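First the structure, which I've put down as structure tokens, then a few questions once you've had a look.
Chain lettering (A, B and C) follows the sequence in which the chains are written, and residue indices restart at 1 in each chain.
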């Protein structure tokens, strides 16, 4: 499930792409928090939230279905919430006989299940649009602005930089293994244990290459004056339009919440 | 968490990233606070204990783990074994650097690939970075005292540490889902614990394979968890043991008799304004109680045995510095 | 008359790796400012090890002086600003998320103010012909582009001595030609370690041959490169040293 190492950033000349990454990160989190704070079965609230994220999707020039499509990836996990159908008290809605036992789904349970699925699906879209409209180095800057410790951000940056290098390496190792397995298949096949061991060797190999690479990188850093302190360029100033966007965004999610509390 | 429990079919993986929408805001926030505290402390320890090489080392190894999680091996049918990596990172780098490395992996997975939610990131960090590293470390150190520090001993220790790190992390996920009211404890805990008792074996095997290769080619890299470092990290072993104890005690109780957990869940759900306060976890009605308790008890039992061993061995050795070589 | 201070002065330098392997034995080398010297020799001769001594990443017994400044702990910051080491694998050298940040790394650690950092980055990238690539990720560049950015990362520090380790490794003829033309425009002192004898002949009037940690020959490149017997004796031609 983790084979997707393609950079999620999609370059576009859109309104969303031009918004300061700090603003986008904060608003994405605010959006997800708002969604989380909406109670179950708060359908008007969910519709407003959906309208909001759809508007953002359109403002990203990525198309209205870009995030919607990708957010369906959350579906498998939604199954983990299935029990909610049967454990929420309320009016019975559906009887499911299971051998000697019978499960009763309630209407309230269905509403709750649907709410969880919806909230999850909506929240994921915010993350998708954030990653698609913001180059990773800018997300790092946003994290520094939000006071994430510099060492941690430095580690994030290095990890991302070498992720592609090591992922290519991992793919190569897997292809080599496939080639070898094909040869073995004729000779009686391979056991789970053997396969696990080989996978372990591949993981170990990635680690070793990583270690050795990191030693050379350290030398390269030393050669340019690295002294153990993490130093970076200062944060760029935020434009007035970006500050305005931040306020507007917070106001919108705030009012959705306020509306729900008032009405609900 | 890309897991569909085997009862529902589908690919089973030990990746246990919780997406947004499944935990109550209260639980999410509490876990965020725990994550910030834990990761912050780990950063401080790393700054104190590692030299200037730490940043490139942790960065590239985080990339190795991230890429390593792509590696899989077919088990049967549609299932495959994967690597989470906390145990391997802990054995090679020590618990604090492992926490930082796993934090990088889990955070970027959430931010860039929506593997796990942003609000849920706190919980995912607690489960995979903190619990994963602490339990790995505690189990590895304890096992080392049991089986010695020769090469095969390191491999056995690595296997058990990796295996149990997965079980512990999975039980924490179950706990969080239960406290959020998303999944009843009677289902979440046994399901997560039981399934990951199996899945964790995959982690154990891959970790052993990796350790074997590293031990053969660069045995000097296995020094991080042995030797003189052991003294200053006694706290981690105790923390890891405490976590295991907590899970061992809570799991069967929560599965068989969820009222206490229910009460806590109600308190934590106060932000879900419209939620019915009489939320009722009904284990016997929904699923046969016996099967649940069995699975949870097995998981707890394994942890319990280790705890007893660990406490016995460690209390005997507190105050005496062993000059073990990793 | 003032004696011009050598750009690089290596006096009686010896160095062994922790495993005991002696990599450099009593090396003597003097390079004048602006000179272009090639360092050639078979693998294991000690070329890369020698380059790593220039900026103190490795330190042996003997003396290494850059523009008269001793390579020692108290001078190390200045030394590393003066010596621009370009590593063999550009992926080791370009470790930042963007090209811009990589080229800015050196100036940042030199403690320069922001406007000067920005000016140096722009200037260096322009000098290597990569001005439009500032926001790109190093991973997506070709090998030739990475090598040019790697060069920019040391040019932005205003290094006066450039030490290049296998600069043309992995480059196709076109990219190699481009690199040679670029290097020819640079006024800095160049010390180039390379197997690529074509590059050596095109770029460096002086050639130093190393073998088993020692310098065994030092002279005019053109003459030496056409001395078949010399090349064979020092394991530089294809059938030499079975």
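As a working rule, a residue touches a chain if its C-beta (ideal position, glycine included) is under 8 Å from a C-beta of that chain, and two chains touch if they have at least 3 such contacts.
Note that this is a predicted model, so its numbers are computed, not measured.
Visitor: Enter the minimum step count from subunit B to subunit C; a value of 1 means the two chains touch.
Guide: Contact-graph shortest path, subunit B to subunit C, evaluates to 2.
Visitor: Which pair, A-B or A-C, has more C-beta contacts?
Guide: Top pair by contacting C-beta pairs is A-B.
Visitor: What whole-number Å value describes the gap between the mean CA coordinates of subunit B and subunit C?
Guide: That pair's centroid distance is 47 Å.
Visitor: Roughly how many whole angstrom separate the Cα centroids of subunit A and subunit B?
Guide: Distance between chain centres: 20 Å.
Visitor: Roughly how many whole angstrom separate the Cα centroids of subunit A and subunit C?
Guide: 43
Visitor: Return the residues of subunit C touching two or more other chains; collapse runs of consecutive numbers into ranges.
Guide: Within subunit C, residues 95 contact more than one other chain.
Visitor: Can you list the subunit A residues in contact with two or more other chains?
Guide: Each of 136, 157-158, 160-162, 165, 213, 217, 221, 226-227 in subunit A touches at least two other chains.
Visitor: Among all residues of subunit B, which ones touch two or more of the remaining chains?
Guide: Where subunit B meets two or more other chains at a single residue, that happens at 56.
Visitor: Quick check: in the complex, which residue numbers of subunit B touch subunit A?
Guide: Going through subunit B, the ones touching subunit A are 1-5, 8, 10-11, 13, 15, 18-22, 24-25, 28, 39-40, 43, 46-47, 51-64, 66-76, 81-83, 88, 92, 100-101, 103-105, 107-115, 117-119, 177, 182-184, 187-188, 202, 205-214, 217-218, 221, 271-276, 278-282, 286-288.
Visitor: With touch defined as at the start, can you tell me which subunit A residues reach subunit C in the complex?
Guide: 7, 135-137, 140, 157-158, 160-162, 164-165, 213, 216-217, 219-227, 231-234
Visitor: Touching residues of subunit C toward subunit A in the complex: what are they?
Guide: 52, 55, 57, 77, 80-81, 83, 85, 87, 89, 91-93, 95-98, 101, 104-106, 108-110, 114, 117, 135, 137-139, 153-154, 157
Visitor: For the complex, which residues does subunit A have touching subunit B?
Guide: Listed in rising order, the residues of subunit A that touch subunit B are 1-5, 8, 28-29, 32-33, 35-37, 39-42, 70-71, 73-74, 76-77, 79-84, 86-90, 101, 103, 108, 116-124, 126-128, 130-131, 136, 139, 149, 151-152, 154-163, 165-167, 169-171, 173-174, 192-193, 195-211, 213-215, 217-218, 221, 226-228, 230, 261, 264.
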